[in-house]
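Everything on this sheet refers to the single structure shown next.
Every chain is named by a letter (A, B, C, D, E and F) in the order it is written, and numbering of its residues begins at 1.
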Amino acid sequence: LASSSTSKLRLGSSKRNWLTPENNSRLGPESLWLPGLSAVRAVSSPGGPTPPFTTLSVSQPATAVTHIELHRPEKRNAMNKAFWREMVECFTQIAEDPDCRVVVVSGAGDVFTAGIDLMDMASEVLQPEGDDMARTSWNMRRIIAKYQETFSVIERCPKPVVVAVQGACVGGGVDLITACDIRLCTQDAWFQVKEVDIGLAADVGTLQRLPKVIGSRSLVNELALTARKMYADEAKESGLVSRVFPDKEAMLAGALEMAGEIAGRSPVAVQGTKVNLIYSRDHSVAEGLNYMATWNMSMLQTEDVMKSAAASMEKKSPKTITFSKL
Amino acid sequence: LASSSTSKLRLGSSKRNWLTPENNSRLGPESLWLPGLSAVRAVSSPGGPTPPFTTLSVSQPATAVTHIELHRPEKRNAMNKAFWREMVECFTQIAEDPDCRVVVVSGAGDVFTAGIDLMDMASEVLQPEGDDMARTSWNMRRIIAKYQETFSVIERCPKPVVVAVQGACVGGGVDLITACDIRLCTQDAWFQVKEVDIGLAADVGTLQRLPKVIGSRSLVNELALTARKMYADEAKESGLVSRVFPDKEAMLAGALEMAGEIAGRSPVAVQGTKVNLIYSRDHSVAEGLNYMATWNMSMLQTEDVMKSAAASMEKKSPKTITFSKL
Amino acid sequence: LASSSTSKLRLGSSKRNWLTPENNSRLGPESLWLPGLSAVRAVSSPGGPTPPFTTLSVSQPATAVTHIELHRPEKRNAMNKAFWREMVECFTQIAEDPDCRVVVVSGAGDVFTAGIDLMDMASEVLQPEGDDMARTSWNMRRIIAKYQETFSVIERCPKPVVVAVQGACVGGGVDLITACDIRLCTQDAWFQVKEVDIGLAADVGTLQRLPKVIGSRSLVNELALTARKMYADEAKESGLVSRVFPDKEAMLAGALEMAGEIAGRSPVAVQGTKVNLIYSRDHSVAEGLNYMATWNMSMLQTEDVMKSAAASMEKKSPKTITFSKL
Amino acid sequence: LASSSTSKLRLGSSKRNWLTPENNSRLGPESLWLPGLSAVRAVSSPGGPTPPFTTLSVSQPATAVTHIELHRPEKRNAMNKAFWREMVECFTQIAEDPDCRVVVVSGAGDVFTAGIDLMDMASEVLQPEGDDMARTSWNMRRIIAKYQETFSVIERCPKPVVVAVQGACVGGGVDLITACDIRLCTQDAWFQVKEVDIGLAADVGTLQRLPKVIGSRSLVNELALTARKMYADEAKESGLVSRVFPDKEAMLAGALEMAGEIAGRSPVAVQGTKVNLIYSRDHSVAEGLNYMATWNMSMLQTEDVMKSAAASMEKKSPKTITFSKL
Amino acid sequence: LASSSTSKLRLGSSKRNWLTPENNSRLGPESLWLPGLSAVRAVSSPGGPTPPFTTLSVSQPATAVTHIELHRPEKRNAMNKAFWREMVECFTQIAEDPDCRVVVVSGAGDVFTAGIDLMDMASEVLQPEGDDMARTSWNMRRIIAKYQETFSVIERCPKPVVVAVQGACVGGGVDLITACDIRLCTQDAWFQVKEVDIGLAADVGTLQRLPKVIGSRSLVNELALTARKMYADEAKESGLVSRVFPDKEAMLAGALEMAGEIAGRSPVAVQGTKVNLIYSRDHSVAEGLNYMATWNMSMLQTEDVMKSAAASMEKKSPKTITFSKL
Amino acid sequence: LASSSTSKLRLGSSKRNWLTPENNSRLGPESLWLPGLSAVRAVSSPGGPTPPFTTLSVSQPATAVTHIELHRPEKRNAMNKAFWREMVECFTQIAEDPDCRVVVVSGAGDVFTAGIDLMDMASEVLQPEGDDMARTSWNMRRIIAKYQETFSVIERCPKPVVVAVQGACVGGGVDLITACDIRLCTQDAWFQVKEVDIGLAADVGTLQRLPKVIGSRSLVNELALTARKMYADEAKESGLVSRVFPDKEAMLAGALEMAGEIAGRSPVAVQGTKVNLIYSRDHSVAEGLNYMATWNMSMLQTEDVMKSAAASMEKKSPKTITFSKL
């Protein structure tokens, strides 16, 4: 497809060596806005991982939108050692990148992710070093904490993260998506809290976040204790995802459109909203209100409020406004 | 309609100058019980605000039921400076009024509320005073805290608050309804967390309460970050409202019937239930149980338990019992 | 039915005097695995309470599965004084019993439970002793704390508890089921937070746990403040139960099947999952992750992980593995 | 004494009808700075309460310093009904008064306070109304909460409060001083947690604040459980007071000098310090740091930092700087 | 000594088989009040443990005062398996015993306690059972939790506990005394957080309670990390103890006198004070005040307040009042 | 001095390029134990910063003891930009270094530290970038959080940190030392919470940690609000430091001796103690005990317990044991 190859080219140019110093700051002017479907096609093109990453493909399909694709489709995007490290690097950069206002995460190929790559990780996870039991446990705790960090960076990144799931989302995949802000899926998606099947309690976030993400505790317990699959309809009904799409292409288009909506609004408002929503989850309402007032005592003085209020009175979309970078 | 005019008269007599000292204590015997629909018609009659209020119409459609109507229909019940002040005054009185056991909040006209009245409030909210940045921020924080208080009084009032929403419920309206206890709406209602559109993170309660009110965190984030509208069906499905009615008249009848059910039960039981439900939201289960036991060690000694237990064994409704005022 | 009588016999043999020392440790080899429906029939057979219990019938319908039946069907399983005491004894034993990996709770007869047995308990609950008001309150608080403990033992028991509800589940019944982990019901089930009807705020768990069990706060408040009944469909939609079955027989079969799934997995994984899910409910995500890492630093070193991982790679069910007792 | 009468005159001019609207905003230029001892003499002069107060004498002995004197010396400054109401009114005004940067609290006459005025308050505290036990308790709880508020306003007032104690400080007096920020006393001062002697657990702050104010829990328990007196030396040693003075005159001079030090520094710095010290007391270190960073992200942008840093480099005292009002 | 033998007799009569049903309720009239020193001599007499206890000697030296003596002087009161179990039994009884209003804990012989009896306990603590590492850890956790409970019962017992330490107080002894309310010691007493010397972090309370018991965090850390001894003077200075006595006899006389002061006051006031002091330690001031108000809304209605207030106005000691049992 | 030059040589050999990969792992056998004073002289020798550090001198004066010296004596060890960055690097390494079991921090020259180096840091701290007020605040918050992290790494490092203060310890110095575990000082030391003098509330830890480090809240408030100096005696009396030494030489000898005591004990015990002491500070006692039990369920299984218990029974010092690295 011509349009596809064109967008592939564009995508190529917007793909960057994500860690080299010269790209550490700002994206160049070639970052063009790519509307709807062609962006999706670009995104799903077989471009492969973006160096220096080996498991992630990072691109900028539209202004201020960063797209991260889990990119080991031949391994069903299983999470190997490199993946855990790269996620931290990637989100640490994104958190500081003023050209990114929203993130979309998806998986290359037919499934979102098969979860942890047991083969690759067994040596570290299953056989930690240590001269005695206490020392082995000590090392094990550091390893677990390191893996927990992998998904906590998503939460600490002030830019909203939309995740789009097709096919399987297993084990570590559920840990990952519950750390994201908005969850979308295709009609053929299914979710499985797999850990109990391999003899362990899920320890990188699912048991902590899933109950705060969906409204039925009975369902959470059932999923975590039986490792049964949950399909798209039940995922929507229970509130795990807020939208279901017929297929991956439609879902990515929807994810990018939603990302565009978010990217088009004041970053001061958007990122302040994420920070405070997460703060509120972990605090009482009174605590949350106190923090919010202390936050907004300065943030309300942004010129974005004036610009936005003016646009609102003129019935213009906030997307017509140019906001300063944050 | 004759019945309408009749009930209007009755309503007139039950409307009171809410702040004069002589009414500060008890309602007189003219507070008649107005059954079902005629009460609703009375409530929705074009009576205008109840002095000294300029934005609220306060009446007593049935024994022990207080009805507060946002009453600036020509401005789509937009929240101006007077409204914020009057809400605090009104709920402070209600909290102490032994003749009120339950509150219904609704909006006059076609929409519940268009949210904050930017025109009226811009000067205060957008341009706080201050000799330097820190002093401006200091003042801003006090203003935010004051507005937060407006809706926190609803939560601190020990009487349950049922809110009934038709048409639009935008911005500050969502802050308001999430501080109420039970939410009802009409089929044509829609809800919008609007703040991000005017360049700010919602700071008078939505970000703190909405996630604790509905079960899908993905949906909460989507609503708060994109400012998209949510319609009645999704509101019901997600649990924001617990009932949807075909139109405003039916909704108000339903709200009053529900209020009547609540008002007919022991106020010691009802208000203790509200206080402890809110306490539990913000504490662990163990903390909540401890508080509950300490609360009920005296409250169980009410004669209401004896009266209610006796009625229950005789298969009588609790509404047949006369409970002392609280 | 022949099969019924057969299984009744078997059941007899697996019923034990639950408190005698010789049974305090391990179940003998006569604990046979009873497949699906015949187990259900056995369970619902009119065997009566298991001594020394007078209100509970305890059996082991399948390996590592303990079934507790509320067994006062002639009183609609109303909770009398004995019941409150026996629940604590029963779950204290179960918590320590290495032969139990999962618990199913159900009610004999047509209804799950009519709630508290007011006749039996009125003297204690309604007329506590005390020389003056403070002393009466002091005693009342101890009584409440004791009753709260009845259901908190369910939560502290590290083995998952599946509860299956048919017909009515009223008052204390709701306190009970919200302390269980997984809730199932029949199509004819209904739930009622009854306390407000007898003049008191529910004080043995409903107000603390129900809001953390279902996703709609408006619904929680409505149920607790009006004491209206909620039927199976709304219970499913709101997330109170995660599955609805056509009738009691199917439900018990389903409950036992689910229990079998859980019992077939590593007890280290399963019980660690329950412990951490409950910890997470009452803490922030960061707190939960810290506790999880500290928990798993030793638990991951179980041989169950190796066994399970090996089975998983060979595409075998975890139920084919023999796990050491815990 | 001549100087005494002179300063009485001055004091007269700086005494204001504290609640009349015209004084609601700013103090006039007649608020003169009164150095050291003569200020003290003025303060301790028998001027009587400042209308509309009947138990408090409020003056401004130095720029930006407000002095509140408990003023019922003939009743040993016992706390009657009027006192509890007036403290709230007084501190509510002070909290908003930009001309006040620091508060000194002391007691007229020979003793700081004999505590609650049982005669005046018995009817309310000992015989609350209520149709039954639950309703009486309900009213009692509101009364307690109201009295707790009396001292919590001291804590919520962002201006530091220095309290100076001579002679007796009994019962409610300990509740009061533990809510202040800095405690000073004379050599003849003694402190008594008296409540247990009149049959009740101290409920307006002592049991909550005293353990967070001094470092020996054994001592706190001893004082609260035996009602024994603690004298100045032990008060200093245990950290209840940070300074002991030989007599009242020296103490008031010292209190005013300390108040002058505080008033001479940036109010943005001083009040931000108080707010964050109190926040930190009730939160973990990590929580406190997060709140602090969010607070200072705007407060550090005050011009006071520039002014103060400049003075600091020039080795000038911060008291030489003119700071804008806050 | 004659007086000693006499008091031994008396003591014999007040010693009871602590667990037999007939003694489960009230003490008979033979419980004589033993004044000052002779009581002490009685207490320190070589009477041996009170059956069924083997490590504790329990007596009632004065009305409403229970004295518990660690009684294995030949083993320096080292804590063996029996001790841990008996402490729980003893305090569980005391918590419910209306004839006990205050507890004194001391150690027979020359030292308070040498800490854990490693010989007796090594098998359980050092070699827990378990088929694999996770199961061993699981069992270890239950053992630790059980030992923690031993001292937490002291804290949960609503009656104040005064502990009197002579000679050594090592390891588990520090865990014990930090769970008591008031700490006294002799001039020759020394304290040692010994655990680090045997290769473990103190896990039955010292690390949790010591920092909340004394005011110098640097000292706490030094003691816990170096296992150095702290002598009486530093213990007093740091606030660990609130009084130092010249020798054991004087200390016990002082402890009993203090216990008499506490026992002579309203048990509603005293026990409410302990409950709320402990609640406050673990909560913010605002939380503590809320709990306090809810507690006292009934407790203030005790007749003890009237009795005590009347005595207070008549300048009588509260010890002259007869309070109902609690 | 010969011994001094010798130890200087040794010290030279134990000084390493702290960040080069080859030194990233283990120290070589040349790390000799240097007894008492000569180690001190070595430490205080004018060796200068250890590359790559420019403000820190890092050495290993004894086995398993790391000594960090603030080393800009010509600038009174003022904290410049490099210092903040290097502290994080240094402690991040130390936290992972199995050859370090305890850390000593001191300052080169006559004063511990003059606090922040305003000249060097003014541009960043006083003039953060940002297109509008909200963006400037956003950046300011990131800068503050970064500086807070500088001292939080000390707390998160599981090895105990002993800090030794001579002369001045001003501003940022107080933030630093309150994040350490044990504080020592010389007789000529003084401490000053300086921030309020330069117009700001201390925001990198003092306001959060100081009140949890010393026992007198009145003193904390006085220090923070008036910026007055506190000298060694008051620092000792208030518990800020746990020991005072006559001069710097004696103090460093004492610090190293204490470090030796700590280093000679089981690292599993020592580091577990630090981790749990910090956890306990920020949690309730019940929370702390739960965490402790979960921690020790594996840590008690260390062979260090067996080794230490055996040594203890043989009356040997734990320092005679060889513990595996952690």
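Following the convention adopted for this analysis, contacts are C-beta pairs under 8 Å (C-beta built on N, C-alpha and C of every residue); 3 or more make two chains touch, one makes a residue touch a chain.
Labels paired with UniProt names: A, B, C, D, E, F = Delta(3,5)-Delta(2,4)-dienoyl-CoA isomerase, mitochondrial.
Note that the coordinates shown come from a computational prediction; the quantities given were computed from them, not determined experimentally.
The angle of the rotation carrying subunit B onto subunit C, fitted on C-alpha atoms and rounded to the nearest 5, is 120°.
Set against one another, C-F and A-F show the most C-beta pairs in contact at A-F. Residue numbering at the subunit B/subunit D interface overlaps substantially, since over half of the positions present are found in both copies.
Ranked by separation of Cα centres from subunit A, the top chain is E. Centres computed as Cα averages put subunit A at a distance of 37 Å from subunit B. Note on chain placement: the centre of subunit B and the centre of subunit F lie 54 Å apart, centres being C-alpha means. Separation between the centroids of subunit A and subunit D, computed from CA atoms only, is 51 Å. Multi-chain contact residues of subunit C, defined as those touching 2 or more other chains: 133, 137-138, 212, 214-216, 237-239, 268, 281, 294-295, 297-302, 304. If you check the complex, the residues on subunit B that touch subunit E are 291, 294-295, 297-298, 301. Per the touch definition, subunit E reaches subunit D in the complex via residues 160, 181-183, 212-216, 237-243, 258, 261-262, 265-266, 268-270, 272-277, 280-281, 284-286, 288-289, 292-302, 304-309, 312-313, 318. Subunit A contributes residues 118, 122, 125-126, 133, 136-138, 140-141, 144-145, 148, 152, 155, 195-203, 205, 207-209, 211-212, 214-222, 224-228, 237-239, 281-283 to its touches with subunit C in the complex. Residues 131-135, 137-138, 268, 298-304, 324-326 of subunit B touch subunit D in their complex.
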